[in-house]
Structures are given as C-alpha cells and as structure tokens.
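There are two complexes below, and they share chain A, which is joined by chain B in the first and by chain C in the second.
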Partner chain A sequence: MSDLCIETHELGRMFGKTAVLRDISWQASAGNVVALLGPNGSGKTTLFKLVRGLLIPTSGSSTLLGTRSDSLPDSVTNRVCCVLEGCSPPKWVTIRQLMDLHAAAYPQFDRALAEELVKQRGLPLNRRFWTFSKGQQRWAELALSIASRPDVLLLDEPADGLDPAVRRELYDRLRELANERNTAVVVASHVIADVERIADELVLIQHGQITLQASLETLREEVREIELPADQVPLQWGDGMRVLGSKRATSSRVTWVRTPGGDVDRRLQGCLSERAVVRPVGLEMLYFACTEYAEAS
Partner chain B sequence: MKPALLRWLLWQTLPVTSIAVPIFALFVALYPGPIFWMRDTTLWILILLHGYALHLCLGRPRSSSMAHLYCQGFSRQTLWRHVVVATWLAILAAWIPVAALIWSPARVWIQSNLLDNQRFFVLAPLERSSPVFILIAEMVWMAVLNYAWVREAQPFRGLRGGRWLARLFVIVALLMPFTQWDRIGPSWLVPTAMACWIVVGLIAFWGTFRLQSRMEVRI
Partner chain C sequence: MLLRLDPHSGEPLYRQIVEAIKYQIASGGLAAGEQLPSVRVLASELKINMRTVVKAYDELSHAGFIVLQHGRGAFVTEPQHTRTLVSRRKELSELARRLIAEGCGFGASPSEVADIVRTVADEMERGL
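== the complex of A and B ==
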C-alpha cells in the first residue's frame, strides 16, 4: 500500500467569482504531522473540506487514502477523522452519545481510551454538551477523534479554546498517533509554537496558493535570518538563494534567506560583510517572514 | 443499518415528534366529521408544518450539527439511507397514534360519549383509509422537501428548481380542499390524482438519491 494518504493535484475552488484556492498540489504521507499555516481567509478550511469531500473542487482533483474525495465509500471515511471549525455536535448530546456515534462510525474506536481522555479532564460522560465550556467541548471532540484511531486526522484550529496544559496533552497525543499508528495528521493552527513542537512538514497557504512547502528539518537547515546595519548597501545573493522576506528597523535591516543545497552558512559567508549577524530561524519567525514581511522583499 | 446513527437522527426529531403527537391526536379525536385527506385544509396544514419541521431537524447541510455528522466516518450513501429511514420513522411515530385512534373504537367512543356526536358512528367507516393517505401525502411532501434541500446544496449552481416544486406542492395542497374536486370530478379523477402524487414523490426521491452524493456541506 502506498504511504500517501492525501494527494491533491492542481486543486482549485471558486466561490462565485472569487478563487479561494488555486493550483494546490500537495501530498501528506502516513506517519507525518503536517502543519498547515496561513493567515485568516487563506483557504485552509476550504482545503480540508475539499480533501474530506464536503466540497466539490472547481478544478483539479483530490484523493484521500487512494480514493477520489468526492466519492468516498465507508471503507475510506471510517479511517478518516475530521474536526472542523463550525462543525460542532448538537448542544443536547452527551459525551456518551457522541461515543456511540464514533463507535458506529469508526471500527477501530477505542472506547476505553476515549473514556480515559475525557475523564482525565473531569468531564462527566452523561452531561449535556451545552453545560461544558468551549474548551471542554473542544477537548471532548478531539479526545474522541484521537480514540477513533484514524489513518488520517484533519484538525482545523484544534487548540482553539484549550488551556496550555490541554494543548500540550493534545499535541503529545497527536505525535504519538503519528509515531505509533502511522496516522497522517494535518493540523491547521495559528498557535505556531505548538505545532512546531510536533510537525514534520510545513505547508504555508497564502491567498489560496501554497507559497512554501517543505519539511521542518529542511527549513531549519536552509533558512537563516540575516541582520545588517541599515547603512549597508544591498547584498548580492548567491545562486539559488531566495529572499523570503525582509524588515527594516531604524538601525538595521533583517532579511530571511533560504539557501537550498546544503552548506548554508559557508555559502552565506561569501555574500556577507563582517558586520552581518546570521541566526537560525524558528517556525514562528519564518511564518512572519513569509507573510507579514514577504511583500517588502 | 447502524442503530447508533439512526438513534442519533431520531433524537434530533424528538422535539418535533413530542409536540406533533398530542396535537395530531387531539385534532383527530375532536374532529366532528369523518376525515377526508383531500377535503380538509387544517389536516394539510398539519402535514405541511410537520414535514417542514422534520426537514429542519434532518435536512440542513448548513447547520453545524449536520455538518458535524457529515464530518464523521460515514459515507454519503450511508448517511442518506439513514436520513431517509429516520424521516419515515419520525412520520410513522407522529401518525401511528392517529391511525390507532381512527382504526380502534376510541374515536367513535369519544365522539359519541364525550362530544355527544351521535351520528358519527354511522360515518366513521368512511375515514378508515385516511391514515394511509395521510402517510403517503407526508412521505411525498418529505421527498419533495429533501429534493429541494439536496438540489440547492449542489456545487456551483444555484439550483432552486426544487424549491419551486415545494412551493407548487404547498399551493396545490392548500387549494385542493376548497375545490371539492373529488366530489364534482369524474370517478377516475381521485385515483389519477393519487397516482400523480405518488409519481411526483418517486421522482423527487429518485432525484434526491442521484444528487445527494455531490451535495456540498457549507457552513
């Protein structure tokens, strides 16, 4: 069996005359955690919906576990869990009823694990959903999704409303799911520090298009932050080097540069003066470089 | 069939059913004459309202709870099959007490002893078939509503044809009792009209079946 769990090919979606997604070609493999990042309205949720078959693409195609997303049979859907913003269960249900639904939907659902995760946070199984706080409701949904032991797990803003301890627990469980059960986990989140801890790959979507797609390890190796005094003349970058973004402060200019092909620091030294300061870049800074400061580059 | 999914859907219809059962039962118990499905506007209003309320419970792809269900590990076919069965069960749950009242001596007893309607027992046999027609009428109405819902949720096009069909159904249903068409028309008119209702229901049902797999869940 192929390791590819999600594959999209030039996927696009219009709403009226607005193109929300364009030419999305992307793959997610089993056992990987993918961080799907992007500003509000960039098309992350639409991408989830297209992959899960809740929306039909205007162009291109998408497959989930080897089957076209717009005609998923039970044998595929019962291996895919999807927690989306705005798709919450009715307020009148109890967690026990939700568990029954999950047990009917997912043959691999682990009821004992679900009960453990839910009770761990002090949530009684027989209380109605509306009596819980927003974060508790979110945790209940996530706990059941984790206990469903899916092959693909799509999570849209899962940390929304969760306190730091629950967030940590969630991301540890997701990593565990990817490592031990070979689940492909895709997380769209604005809490970058959290996903950085567990993600293997980064996909950055802006204005409906993928602008950056790489493994986190590669990005850590290839991207550097370079700070130069403001009076320094602009640099001549070497072959293959790409400026992701830059920011001008009063006394200095910071530039983020991606240098594919290895030996990054030595190659950069050849372009830089002694006054330049070179630093490695965290995911959060990389995100800002590619979004907030990208247009200045 | 997945009993847990069916239970989940029926739970959603429970508020409507628990309101409808006493209202329908009271209406039928207190109705002074024999009930003819084609001649009574109030009955049609009850059928239309009940069907629409059930539709709101089970057929709204833009509600967050329906979207939640569509995100679970069920295929479209499985969900559609269960929605259809849950709809039929909810209709039966609401009208079976009515049928029991009509088919048992209860309604005759209420009319004769409590409401002092002494001639009712003579007319009672005329309404024996009404529960069957009521069930068929509401099932056709639900098929039309589901068709309207699924057609409107198709991608890229604002297909409102289903909504027009539903409006036409309401107009015909509400105008029919005023015309007394079953009395003044030829003898073949009633069976032909019945056949037409059923054909409309079957076409809507088939159309829904064809379109539901490409329905979009937008929230």
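== the complex of A and C ==
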C-alpha cells in the first residue's frame, strides 16, 4: 500500500456563489501528524468533509486511502475516524454502548485501550452521555477514536473544552498512534502550541486556499525573525528569500523571512547590517507572520 | 538518558537532540561505549517523529560522536583518547629523534637542539 493516505488534487467547493475552498492540492502520509491551521472560516472543516466524503466537491478530486472520497466503501471508512464539531453521539447512550458501536464499526478497535483511556479520566462506562461535562464528552469521543486505531484520523478542534492535562494526554496519544500504528493524523486546531509539540507537517489555509505547506523541521531551518531599527533603509533580500510578513513597532521593524536551500544564517548575514537581530521562529509567531502581518502579495 | 526538547523555540528538533547528546557526552552523562536509546524508544519518549531521531543520530555518527551498528543500535564512540595519546607520543618521539640526529650532524648537542626547538615553539605560539 502506498504511504499516501490522503491526496487531493485542485480540490474546490462552492457554496452558492462563494468558493469556500479553491485549488487544494495536498498530501498526507502514513505516520505523520499534520497541523491544519487557519483563521475561522478559512475552510478547514469543509476540507475534512470533502476528504471524508461527507461533501461532494465542485471541482478537483480527493482520494482517501487510495479510493475516491466521493465513493468510499465500508472497507475504507472502517479504517478512518473523523471527529467533527456537531457530530457528537446521541445524548442518551452510555459509553459502554458507544464502545460496542465502535467495536462493530472498526475492526481494529482496541477495547482495553478504550476502557483505559476513559477510566483514567474517571468516566464510568455505564453512565449516559448527557450526564458528562462538555469536556468529558469530548474526551470520551476522542478516546474511542484513538482506540479504534484507524489508518487515518481527522480531528477538527479536538481540544475544545479539554483541560490542559487531558489535552496533553490527547496529543501524546496522537503521536503514539502515528509512531506505533503508522496512522496519518490530521488536526485542525487554534491551540497552536499543542500541535507544535507533536506535528510533523504544517498546512496553513487562508480564504479557502493553502498558503503554506511544509514540514515543521524545514520551517524551523528556514524561517527567521529579523528585527531592524526603524530608521534603517529597507533591505535587499538574497535569491530565493521570501518575506512572509512584517510589522512595524515604535523603534524597530520586524520581518519574517523564509530562506530555502540551507545555510540560512550565513546567507542572511550577507543581507543584514550589524544592527539586525536574527531569531528563530516558533509556530505561533510564524502563524501571525503569515496571517495578521502577512506581506500583501 | 534525559533529554529535554523545546518544540516552541523554533530551533530544529533534530539539532536540539544533537546538541543535547553532545552535551551529555561532554559532561559525562553518557559514558563511552554506552548504548543510546533506540530510535523508536527515543521518538516515543520525546513525542516526535522517528525520522527526526534518525536524522539526529545520523548527524552525530557523521561527526564521530556515536557509532551506528547495524541491527544493534547506537553507541557512544569509544574514546581513542589513551590510544591516540600513546601513538602520538610515539610518532613525535620519532620525529624528535630524527631532528636531534640531524642537529648533531651540525655539531650541536641534543640539549642545544632541544633549547632551539623550545625557543622556536615559543615564538610560534606568540605568533612571531
């Protein structure tokens, strides 16, 4: 089987006359954790629905585990878990009943693991769903998805309502799933620090389009924050360097630059004066650089 | 082996691993010949992709800090320290013997040659 679990080609979706997604060409491989970031309304949930075959695209195509997303057989869907907002289980079921449902739907379901994850957080198996808090319900749902040991796991804002300890547990378990079971995990989240801890790939969606797609290690190698005194004349960037964004403060100007091709710091030094301060960039700052402070292209 | 990574610092994780292991070796936290955790175990401990650990180990091995033994794992390089020191001393002694022999050919005594070597070495160290 190919390592590619998700593959979309110029995928697009219109709602009426509005293009919610355009030209999405994206791949996700087995064993990788993908952080899907983007402002509210950028199209992340729609992308999940298209990939999972819950929506039909208006252009382009998508395949999931080698099969077209718009005609997925049970033999594919029983290897894919998708936790979306507003698709929670009925309120009257107990966790045990939910476990039975998962056991029936997912051949790789690990009941012992499910029980461990649920009990660890003090959730009794025989209580009905509506008696739990929002965060507890979320955890139960996520625990069952993890225990289903799918080949592809799609999570839309999974940490919503979870306390910090449970969030940590969640992301540790997702990493474990990717490492041990070779699952392709895709997480859409606004809690950037959480995904930064475990993710391999970043996909940034803005206004329905992918604006940045790269491995996090590559971005750590290539992106720098450069602070210059405000009175300094603008810089001449070297070949291939790309300004992601910039921001003016009272006495200085901060610019975020991506320099592909290695040897980043030496090549940057060639463009900078001694008064420049160069720093590495974490994912949260990178997100702001590409969204709030993005260079108008 | 206790490694701490900062995933939020913007520094590549593989490089953080390389630096942390180099530090452990230098500070004695990792002894010569000691086995490093397997790629799988370290990736699972650090909650990162196994590829990142592989990249770090490759770099450490390339730089001579560790040895990757196929099928057995990664080991801190045995210090060739004592052995190198002994053999270096032997080679230098041989060189000195030849120099003194030549110097004696000019009618100098061995200690006179040694004095001149000392003086020249001092000058070189002072950058003259």
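FYI, the second predicted complex is superposed on the first by the 294 of 297 C-alpha atoms of A that agree within 3 Å, B and C clash if a C-alpha of one lies under 4 Å from a C-alpha of the other, contacts with A are read in each partner's own complex, and residues count from 1 in each chain.
We take it that a contact is a pair of C-beta atoms (placed from the backbone, for glycine too) under 8 Å apart; a residue touches a chain by one contact, two chains touch by 3 or more.
These numbers come from a predicted model, not from an experiment.
Asks: Given the superposition on chain A, are chain B and chain C in a clash or a fit?
Replies: After superposition on chain A, chain B vs chain C: fit, no clash.
Asks: For A:197, using the defined touch cut-off, is the partner it touches chain B, chain C, both, or neither? Pick first, second, both or neither.
Replies: The answer is second: A:197 touches chain C but not chain B.
Asks: Could you tell me if A:178 is touching chain B, chain C, both of them or neither one (first, second, both, neither)?
Replies: Only chain C; A:178 stays clear of chain B.
Asks: Once the shared chain is lined up, is A:256 touching chain B (first), chain C (second), both, or neither of them?
Replies: neither
Asks: Give me the angle at the C-alpha centre of chain A between the C-alpha centres of chain B and chain C, rounded to the nearest 10 degrees.
Replies: For this superposed arrangement the angle is about 150 degrees.
Asks: Quick check for you: in the superposed arrangement, does A:129 touch first (chain B), second (chain C), both or neither?
Replies: After superposing on A, A:129 lies clear of both chain B and chain C.
Asks: With both structures fitted on chain A, tell me whether chain B or chain C touches more of chain A's residues.
Replies: B
Asks: Examine A:287 and indicate which partner it touches, taking first as chain B and second as chain C; both and neither are also allowed.
Replies: neither
Asks: Is A:55 in contact with chain B, with chain C, with both, or with neither (first, second, both, neither)?
Replies: first
Asks: Just to be sure I read the superposition right, which of the two partners does A:139 touch: chain B = first, chain C = second, or both, or neither?
Replies: neither
Asks: Once superposed, minimum distance in angstrom between C-alpha atoms of chain B and those of chain C?
Replies: 27
Asks: Using the touch definition from the top, list the residues of chain A that touch chain B in their complex.
Replies: So the residues of chain A in touch with chain B come to 14, 49, 52-56, 58, 70-74, 76-84, 86-90, 92-93, 97, 100-106, 148, 150.
Asks: What residues on chain B touch chain A, complex-wise?
Replies: Checking each residue of chain B against chain A gives 2-5, 7-8, 11-12, 64-65, 67-68, 70-78, 155-156, 213-214, 216-219.
Asks: Taking the touch rule as given, give the residues of chain C at its contact with chain A in the complex, in rising order.
Replies: Per the stated touch rule, the residues are 7-14, 40, 43-44, 47-52, 55.
Asks: Show me the residue ranges of chain A that touch chain C in the complex, using the header's touch definition.
Replies: Contacts found on chain A: 31-33, 171-172, 175-176, 178-180, 193, 196-198, 200, 217, 220-221, 223, 279-285.
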